Amino acid sequence: IDGSSTTNNNSTDSSTNAETKEKVVNIGYTGPLSGSAALYGENTLNGLEMAAEEINEEGFEVNGETYKLNIVSLDDKYLPNESASNAKRLVQENATPIIYAPHSGGIAALQVFNEQENFIIGAYSSEPAITEQGNELTVRIPPSYHGYVEPFTKYSMERFGEKLAAIPPVTQYGQDWADELLPYWEEQGGEVVHDSSVDFAKETDFYTLLTNALESDPDVIFLGGPSEPTANVVNQARQLGFEGGFIIMDQAKLDEMKRITETYEVLEGAIGTMPLVEADYPGVPAFVEKYTEEHGIEPGSEAGFHYVSLYIFVEAMKAAGNVEDATVIREHIQAGLDTLPEDKQVYVIPSIDENGGFEILTRVSAVEDGEIIGIPID
Amino acid sequence: MYIETKELSKQFGGLRAVNNVDFSIDKGKINAIIGPNGAGKTTFFNLISGVYKPTSGQVMFKGKDISTLPANKIAELGVARTFQTTHLFEKSNVFENVVVGHSLRTQSNLWDAIFRTKRLKQEQERSNQKALEVISFVGLSNVADVPVANLSQEEKKRVAFALALATDPEIIFLDEPTAGVNPDETEELSALIKKMAQQGITICLIEHKMKMIMELADKIMVLNYGEKIAEGTPNEINQNEEVIRAYLGGSASA
Amino acid sequence: MIKNNTQKYIVLGLLLVALLFPLFTQNNYYIHVMTLSFIWMIAVYGLNILAGYTGYLSLAHAGFFAIGAYALGLLTVKAEVGFWLALFLAPIITTIIGFGIGLIALRTKEHFFAIYTLCVGYVIYLLIDKWDSLTEGVRGLMGIPLPSDIGPISFESNIAQYYFILVVLLFSIFVIYRIVNSIVGRKLVAIRNSEQLALSLGISTKKNKLLAFVLSTFFAGLAGALYASFIRFLGPDIGSTNITFDLLMYLIVGGIGTLSGPIIGTLLVVWLSQNLQFLQDYRMLIFGPLLALLIIFSPRGIVGMFSSMKQNLQQKRTLRQKEQKKEA
Amino acid sequence: MEILIQQLFNGLTIGSVYSLVALGLTLVYGILHVPNFAHGAIYMIGGYVTLTMMVYAGLSYWLAMIISVLVVGTLALLMERLIFHPLRNSISINSMIAAIGMLLFLEAFAQLFWGPDYREMPTPYNEVVNVFGLTFTVQRILIVVAAIVVMILLYVFLKKTFIGRTIIALSQNREGAFLVGINANKVAMLTFFIAGALAAIAASLTSPINLVFPGMGHLVILKAFVIIIIGGMGSIPGAIVGGYILGFSESIGATYISSDYKDIIAFVLLIIILSIKPNGIFAKGEH
Amino acid sequence: MLKLNKVTVKYGNYAAVNNINIQVKQGEIVVLLGANGAGKSTVFHSISGLKKTASGEIEFEGVALKGKSPDKIVQAGIVQCAEDRKLFPRMTVYDNLIMGAYIHRKTKSRIKQTIKEVYELFPILYEKRHDMAGSLSGGQQQMVAIGRALMAKPKLMLLDEPSIGLAPLIVEQMFDSIQQINQEGTTILLAEQNANAALNIADKGYVFENGGVVVEGSKEELLSNEEVRKAYIGA
């Protein structure tokens, strides 16, 4: 069976909304909506849904027809085979030209057939291999972390000293980060005095780990992971008498960590990615306000990236004059980036690289005297 | 000597359940073991049939030391047993129970099973034959396809006999084969035991029913606190002072 | 004796439907889910041999599934072995590892065995997760090839994969059917019913338990290898305890220790959970209690429900026979 | 030396939590004859109820904990009535599957009701104490002391009171329990209630040093299984001793072996123990 | 005291006990005789509440037992010593016995007295009091089961084949003590294969066959009944 022909057959049925005579474009989503990664899944989906709601207020016009968006989300419990089943279903039953997948396993499983069945993967993963496979229809949304290593190292070493204790999370992301940061730290004349990792899915208490890490008397601790448990580690490190600085992997956000530590004082000397809420991108204030109103909590970058990416896809559809053919839409992503209205730029993304990765200007911030300040990057 | 134990002992924690027992079982005869509750009779059976390993001493079968063989190997040598609390495959019917009993005499392996080889078919046929044969021998043909759970005590005892017989044993150890069976049916079971002996199968049994033992046994051993206190013909035992004191009491002849 | 025939017809009927299924639908998604179900079924049959027929509940089953999957993945991706050779080797590798583990694990019994294997499964999962120089760890193993063409037969299309995996499933069921209905199978059931009695009947419980264990790992490995070739991406999660629980759920819902249970249970639970997707966040809220209810109202699985009807008939016969006996 | 003492204390803290959770599990094990996989979810609900009582109802820590004990105990009791009681006569794996169903349900419920995010539980006992080179917060002392007190009370209850003994009797022969006049159904409910209460106490004690989130039960439950096996299924002292063995071996193992493989310690420990003693270390003879 | 009125008990469709009437008066020893599978244990189970009756009434001291759970029946004063013992295998002998006195748990001193009496009856149990019940020999376990039933000091005691697996000497003693307990005021319903010994101490007996009562009468009547003698006494 030819996958794309089926897609087209179906799309004519399902994309017509009989009542309002409006046309609907279905956007697929498969991610962890239950189980231990549900929080992450919900954050990503929230961003998408908020963008879709806004866009649907007016609809958007392609080739003179007005379209609205419909987000079809399916739970995959973080399992690649479930992602694959979901994607098949989304394509089959909802004719989705784009399917979001926020984890590398699911993305890889979709890459097996996305070109054949002609849909774009909205890949939210920092895993480089995702775009190195040469998949034509994969768009990697989040930035790579390369940009952080240098400013983080420089700042921490200058302010606190040369002894680093590394306790990144056991996730692939954490390990990749460590693989990049630690050699660089040593190159710059620093010393890695402790190297282990923390597993937030299995650890019950961090005292044991920290007691060992602090035994080597470090100046700086490198850590990361979901914001809240990361903050908990910071808290306990302070209890155990640590007075140095923290390098915080970009998965955790300083502002989210503050909800647990209660004050920025505990986080004094921590350097990390600029919290979305504090960032000076043009779209941020409006986005933050609206999101906070809807969800009662400030948005993190997952929501932000998903939000902005959906706008970009819509712009690309407009530019392509097509809402169905993934290949054509993909070809017009750069055009979409170019026409993205400034007030929607929750992140500023000037370009997409040849492998399909968004190229984003990174921002860095640190806590000094109980306040977040931006750190300029050379 | 057919089966012989030499200074056989079994220790459970601080307790010597079986203590230095020398006993020999004569081929083709009906041997009996009696003794007070907790004397070590069941433990003695368990030592011979390989359920327990002796703490010290030996079990010899036809001159070969079998004290350390696992239970299934001992069964393969032709030593079968029944259990004190009737122990059967409760969920299966009588035929299914008994047919399993013969599987130790089969050689079929996975390969035979998957490819349904001639050997498998023959052996299956043979097992079925054997099962039907022993079921009829113990007199259960009419309930062959009744689930064991639905049988009465006495019928279950018979199934247990059939199971043991299906293994083609030379000798059968019976642990209280008629416990809980009424006098009438006890006699029928005695007859069955005799019939088994007549087929050339050596019998060794534990019972508290003295009347039956006296009628059946060729030779009796008496255990008390793990030790052998007497051995001999029914008559000798019946008159043994120590046995009367420890075990029989006033109703010795009842 | 009679019982097996109904089971056989159920199985044959279901398989006929499976054979014709693609002719009635062009829906890629249905085909995909069905194919995946077939893979699970093979693994469930493996579990059934051990848990259902022998009475030993192995909670390491997903671990062996993962070993089979990674064996195929690593052989094809890293060692560049041809697909068919790898498919042949993967279950064998799993079986060899299973043999080693079974040798020690089977010293334990009942719940100890269950938890022992739970731990073994967990260690397998952690090994896959942490040994990233071999397995690529959390990053996952990508680029696993499709089955390579055999002459004119290509496995590009969904339908081809569907039939390919269906054939393997058929083969598995056939083999298991033969084993279960042979002397070997009877010995396994004897062990389930009473290990002590089996032993006293001269059945080598050690040997036969090991046989059942190894067989179960074989089918787990085979299913895993098929999974790898079908999804073509592997992450450590495939060896997690949750997958074992899923497989166990399929087995229990269908009917443990029955021939058609794995098919029925897998189909039912997989499609049920697919169809509950529309409930979104409420999915597990409904699915959890539904599962409990299913178990409560059909404690012997769907297949058990049918056979208890038959047992009623059987009981009536028992009654008659008893009366006859008393008259005689 | 100093680090050793600190790590021993850390082990003591974790071990206390493990023991409390394992105790509940081991009690219920006697009735279900399979590990209750929903126990971790019960623990999680315990954390949430305490948190909710503190944050939304403004109750004090202790009052919140008491309410949590009652609520979660009742929840466990209901689970017995509605799910496990009807299954008491079918094979024990069925209870296990039903328990998994409950686990899925409770986690989904928590996620829906309280949201999927991590929550912090405030505690009045947050001061840091430094003595003899040992650093800890008062909360940690509280965990250890409270756990030990609860365990002693439970032990006395089970061993020295009639009601307590009935729980043990029931787990060994349900019909036998009926025949001596025990209302087995009530005792089963009581057992679940106690198990739920223990889980709620454990969760309320640890949450201030950890966080409250839907998946928090996973952290402890697998290890609790390991503990009840090491300690002998259904054995009360076994669960306590096992909990501390694991707590210590983790903190010491992380220090002197490798912290990356610390989670494996529990599992490898068990595999080794069972390989040598297939019936657990506390196995007792019987026929 | 105890009245069974047209009681039928079924396993599935099979009526193991069919439409029987039994009466036990205060202070009596009543024996149930019958071949294996005749339905004696089933009667016991239905009295003690472990098995529901299909039809008919069971009345104890004028109160219908229908729908009462087994523990309520024990509290009413009926205690069963089951054929398959139903001990707590991983509790000590002492704890097993103590659990027998569960309904008297408020009167500790009485329990002490009763347990002494049990130890006197079965001295071996005193020796084994700290051993797990499951590790005892078959006969010893039987003693624990009888002892546990005695601990409840019931008004009516149901003894289902108490002599199973006991050595002759012990059997003799046991029948003596059953008589003694009876004289102290406990009514006894006894199922036995050891018909001679049982009838000797009994007031009355019922003979079961195929789930129904075929003969009933006083001790003397039964002892002189040819059929009964032939089938159950074997003389």
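As written, the chain order gives the labels A, B, C, D and E, with residue 1 at the start of each chain.
Basically, contacts are C-beta pairs under 8 Å (C-beta built on N, C-alpha and C of every residue); 3 or more make two chains touch, one makes a residue touch a chain.
Since we're looking at a predicted model, the values are computed, not measured.
Without chain D, the rest of the assembly holds together as one piece through touching. Common neighbours of chain C and chain E under the contact definition above: B, D. For chain D, the chain with the farthest CA centroid is B. With centres set at the average Cα position, the gap from chain C to chain D is 32 Å.
Note: centroid distance chain A to chain B, computed from Cα atoms, is 73 Å.
Taking the mean of the C-alpha atoms as each chain's centre, chain D and chain E sit 42 Å apart. The distance from the centre of chain B to the centre of chain D, each centre being the mean of the chain's C-alpha atoms, comes to 47 Å. Contacts with at least two other chains are made by residues 34, 170 of chain A.
Taken residue by residue, chain E touches two or more other chains at 14, 135, whereas all remaining positions touch fewer.
Within chain D, residues 107-108, 111, 260, 263, 285 each touch two or more of the remaining chains. Chain D meets chain C in the complex at residues 33-35, 37, 83, 86-87, 89-91, 93-94, 96-98, 100-109, 111-112, 222, 225-226, 229, 233, 260-261, 263-264, 266-268, 270-271, 274-275, 278-280.
Per the touch definition, chain E reaches chain D in the complex via residues 48-50, 69-72, 74-75, 79-80, 82, 85-91, 95, 98-100, 102-103, 105, 132, 134-135, 148, 152.
Touching chain A in their complex are the following residues of chain D: 3, 6-7, 10-11, 13-14, 17, 107-108, 111, 115-118, 120, 128, 130, 135-137, 140, 206, 209-211, 213-215, 218-220, 250-251, 254-255, 258-260, 262-263. Residues of chain B touching chain C in their complex: 49, 51, 70-73, 75-76, 80-81, 83, 87-92, 96, 99-101, 103-104, 106, 108-110, 112-116, 120, 123-124, 127, 142-143, 145-147, 150, 163, 166-167.
Of all residues in chain A, those touching chain D in their complex are 34-36, 38-39, 41-42, 170, 196-197, 199, 201-205, 207-209, 211-212, 215, 226-229, 232, 236, 239-241, 259-260, 297.
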